[in-house]
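In the two complexes that follow, subunit A is the common piece, with subunit B as its partner first and subunit C second.
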Partner chain A sequence: MNNDLLVQFKNVSFRYENEEGEEQNPLAVKNVNLDIRQGECIAILGHNGSGKSTLAKLSNSILIPTEGSVIVDSMDTSDEEKSYEIRKTVGVVFQNPDNQIVSSIVEEDVAFGPENLGLPREEIRKRVDDSLKAVGMYEHRLAEPHKLSGGQKQRVAIAGIIAMLPKCIFFDEPTAMLDPQGRKEVMKTIFKLNREYNITVVYITHFMEEAVLADRVVVMDNAGILMQGTPKEVFSHGERLVEIGLDVPQVMYLSKALKQNGVNIDTDILYEDEFTDKFTALFGEKNVTD
Partner chain B sequence: MIKDITIGQYFPGNSVIHRLDPRLKIVLIFAYIVAIFFCKNFQSIGLMLLLLFVTVLLSRISLKLIGKSLKPILIIILITSLLQIIYNKNGEVLLEYWKIKITTGGVYTAVFTTIRIAALVLASSMLTYTTSPTMLTDAIERLFSPLKIFNINVHSIAMMMTIALRFIPTLIEEVDKIMSAQKSRGADFESGNLAKRGKALIPIFIPLFINSFRRAYELAFAMECRCYRGGEGRTRLRQMKMALRDYLAFLITTASIAGIFVLNHFFAAVI
Partner chain C sequence: MSLIKTENLSYVYSQGSPFQVTALDNISITIEKGEFIGIIGHTGSGKSTLVQHLNGILKPTSGKVFFEGTDIFKDRQTTKNVRFKVGLCFQYPEYQLFENTVYDDIAFGPKNMGLSKDEIDEYVLEAASFVGIKKELLKKSPFELSGGEKRRAAIAGVIAMKPEVLILDEPTAGLDPKGRKRIERMIADYRQATESTVIIVSHSMEDIARTVGKVLVMNHGKAEMFAGVDEVFSKIERLPEIGLDVPSITRIMLRLRSLGYDVRTDIYTVEQAKDELLFLLKERGVL
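Coming up: the complex of A and B.
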């Protein structure tokens, strides 16, 4: 039945090892069950220390669950012999682009993954060019990474992952270290990969404006999954989100404030465009621009 | 401050010299440097200078830059030349004053030493100016790959070099940031004696080291995510293949080196 099931977390718990004799660390991830299907676009929300980054590392056998199992494309991540195949299937892009780039020239860095796979030279060339075009960095293929902007560097890091043709990519707060311009570039790239290249995308974020753009939102709190569902479903529990130290999109605050002041507007609006549409429908074009 | 260093820098380009096989470049430049020390008269060293000059012209790297690369070694050249002139007592006496005796032998040796040091620095700068760091480490990995039989992991050493070179600009940027941060907290790096200034560097190096370890940790994760597992079974984007220009360069250099011995034989040695 679940043929399109790509990554499956089954009762996963994880504890970071500690020096012997010391007190045990608390569980970083506790009893997590999560199914990720082919082609999905998922946002994982959670404040610091909620276990969301650990989840990304568990997805491609960088970390092995202390309890439970992670199944990638019917391979168990605890099977060491499969770790190579698993990493080919699930790529991870980390927060700091500086610490992911290996080589001093953009195209040689993108080639690093395919080179490790032992592909023939022509195939590497083709994949490097295709990946750089997909992230819009082809003109910069001979540039030195330290001369690029943060957003550009992160896109190079993404190209380095897609050159291995993974089915799924985890993004661990890919925009946290970027300026607004870079954040926009990177998010655009992520959605493009999902829609045009049909790559399953899971991104961890703490920007609500980014989270609402996913098909499914997973909220993590206290090492476990608190709730999940479509952005509308999740953000309808706005108070609960605020309680655990998260937030709701700013348009939601705005529409709520309007409602309280007697304006007949929906309070489950998540997107700025949607808000503008509904607002103009109520008041007419002229009054809005005024 | 640190950004102005030109030695070891790479200037991207597409000249014949840039496109030469980096393995060949390393071997030829090494041979060239050795050959310079075999030159015994002006004719032969002139030939070597001509070869270097042609290489510089072909590389299309601005002469101004070349001049800049010689600046840091000016003092070394001056001191060694001066010592040669004062202490070398061979040949005819040109000038005698009190205890100092300047001889033709001294002057010749001084001139030769100057030319040799300058040519040595220029030739090795030509290598780094025209070869990207990755190409260089790649070439070193391939040249030294026979060392595998002695159980030396050449790939790991080359990989470490690549990463080190890649992180130099990142770490320089970081040092700048940390310095500004410490300065804004009232740190003083510019005054006081040597010991005091040395001490002032501690608050820069401790955060730098801690951050570097964190970076190394994250980079290791990122490399594992990209299926890195050492040099075995790895292929390369760049294949190194000797082309016609490589054979030509090899021929010209070997012919010039052979030329030295011919010129040494037919003309009188001056040193």
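Coming up: the complex of A and C.
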């Protein structure tokens, strides 16, 4: 069954063009095949320069593949006539919130997209209010964006995308420039959009503790997909991940260190509560066998 | 004699306007020569405002800043000299690269110090080698470098002034794990080689706990704590209350404690946690 397929990368390669006469750039994305289904929550991991951001830009026709094709909801991103429709279907949120905000009042910024769709006034009002509520920024609708925190600004940028009612949102390192509080706010918002609003989300991150929260993790290296699977499957290749400049969650190192010292504990533990559950169970078993 | 000292340092942005904000509130701290200090605090806690006072970019609204016993705002010449002695590298410094070549960018500081051409050359090459920027990259435009290389080139621009104190505001922000580790290692090597005083500003205890000796915790413009890493961790419950992250390993220990297990919570590395948990298992006869 392919009817729930939302975004499909088919043998996609991409090369940034250079000025004439200069040496050709290497491929930024090399022969990528990736199926994104309706409702999925996907994390893309990869070191700087691995091709992650290019992938995000290819998803809604900001960039067009040099080879291969990207199909969004049965539309080919190379079809210029469809680019409007494609960008309504797949939204992209970038790293730096300051570069994404255009208005001097929060609600005007969120209204920017719907206004350009030529929607009736009441519909715009409704979409702006709904979007701001979805990201928890409704109370700040009349605020000036430059007075907001980084996390709040990023949530306004997300509201601007939601107001277009996309089926899928790509987040390109949405938390990289935020403090721990801002990171939490934005990640919470992303999961809420996925779970409560059924928006397909794909987020690119450098933080392992964010990656383990996705349904599926895609690891990029050297412009291609190195591996993908559930967080458990992907992080079972911990050594390989470290080799390519990534990492595994701290809790995994701890379980491995305990195992090496003779403790009977799983070594594929990714979550802190999972660890404490399994660790405390060691005492429970002891009590039972006593 | 202390190297840097602040005395009742306060700073108010937009004083007298309706937007008046007290960014620093009566900070008195002393930093000794050779210390490795981490400053942590939530966004808006005053971290960046504080470090901008230490090299005279900002002038206190009230209170004083001393470098080697001299008030750095005594006269303009003193303030100017302090700028070279206390090197400050801003957040996302790669946005501030502006010269035609990486070499010229790194040389900008030394040129302003009025050094000879040979000296400038020596300072630039040494700084580039500290941050691992290869010689062939020096001829390139800064815009041809990768993100991590740009960051390191920008840091080299500060190191090239051979400051006695190196201050780095969020040096690893936005980098991947490998890039973060590389910068951490680079700072450690630099400290060892030059024996200089280093101050790192960070959002995260996790990033600095492993490396620094002493931590200044900022909260709403006040110096909440200024103590050794272990002492700060002994009051770890306080960190989330002031908007800071607790390291993952520490969170696990806190959770075990709340579940009734008698474990230490002033722990932040895998190694420490492993020892503590093995001890507990043996004590209870599980292992």
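Annotations
As a working rule, the second predicted complex is superposed on the first by the 282 of 290 C-alpha atoms of A that agree within 3 Å, B and C clash if a C-alpha of one lies under 4 Å from a C-alpha of the other, contacts with A are read in each partner's own complex, and residues count from 1 in each chain.
The criterion applied here is as follows: a contact is a pair of C-beta atoms (placed from the backbone, for glycine too) under 8 Å apart; a residue touches a chain by one contact, two chains touch by 3 or more.
Predicted model, so just to flag it, every value in this text is computed and none were measured.
Of the two partner chains, subunit C is the only one touched by A:N48; subunit B is not.
Legend: residue contacts after superposition of the two complexes on their common chain; A:F279 is shown touching subunit C, with no touch to subunit B.
Using the contact criterion defined above for the overlaid structures, shared-chain residue A:N261 touches subunit C, although it does not reach subunit B. Once the two complexes are laid over each other on the shared chain, residue contacts for A:D179 go to subunit C alone; subunit B is not touched. When both complexes are overlaid on chain A, the residue A:L246 reaches subunit C alone and has no touch with subunit B. In the superposed model, A:R125 lies in contact with subunit B only, and not with subunit C. Taken in their complex, subunit B has these residues touching subunit A: 12, 132-134, 162-163, 165-166, 169-170, 173, 215, 218-219, 221-229, 233-239. Touching subunit B in their complex are the following residues of subunit A: 57, 60, 62, 84, 87-88, 91-92, 94, 96, 98-105, 107-108, 111-121, 124-125, 128, 142, 144-146, 157, 160-161, 164. Interface of subunit C with subunit A (complex): residues 42-44, 92, 146-148, 173-179, 203-204, 243-245, 247-249, 251-252, 255-256, 259, 261, 270-271, 273-274, 277-278, 281, 284-287. On the side of subunit A, the complex with subunit C involves touching residues 46-49, 95, 149-150, 173, 176-177, 179-182, 206, 208-209, 245-247, 249-251, 253-254, 257-258, 261-263, 272-273, 275-276, 279-280, 282-283, 286.
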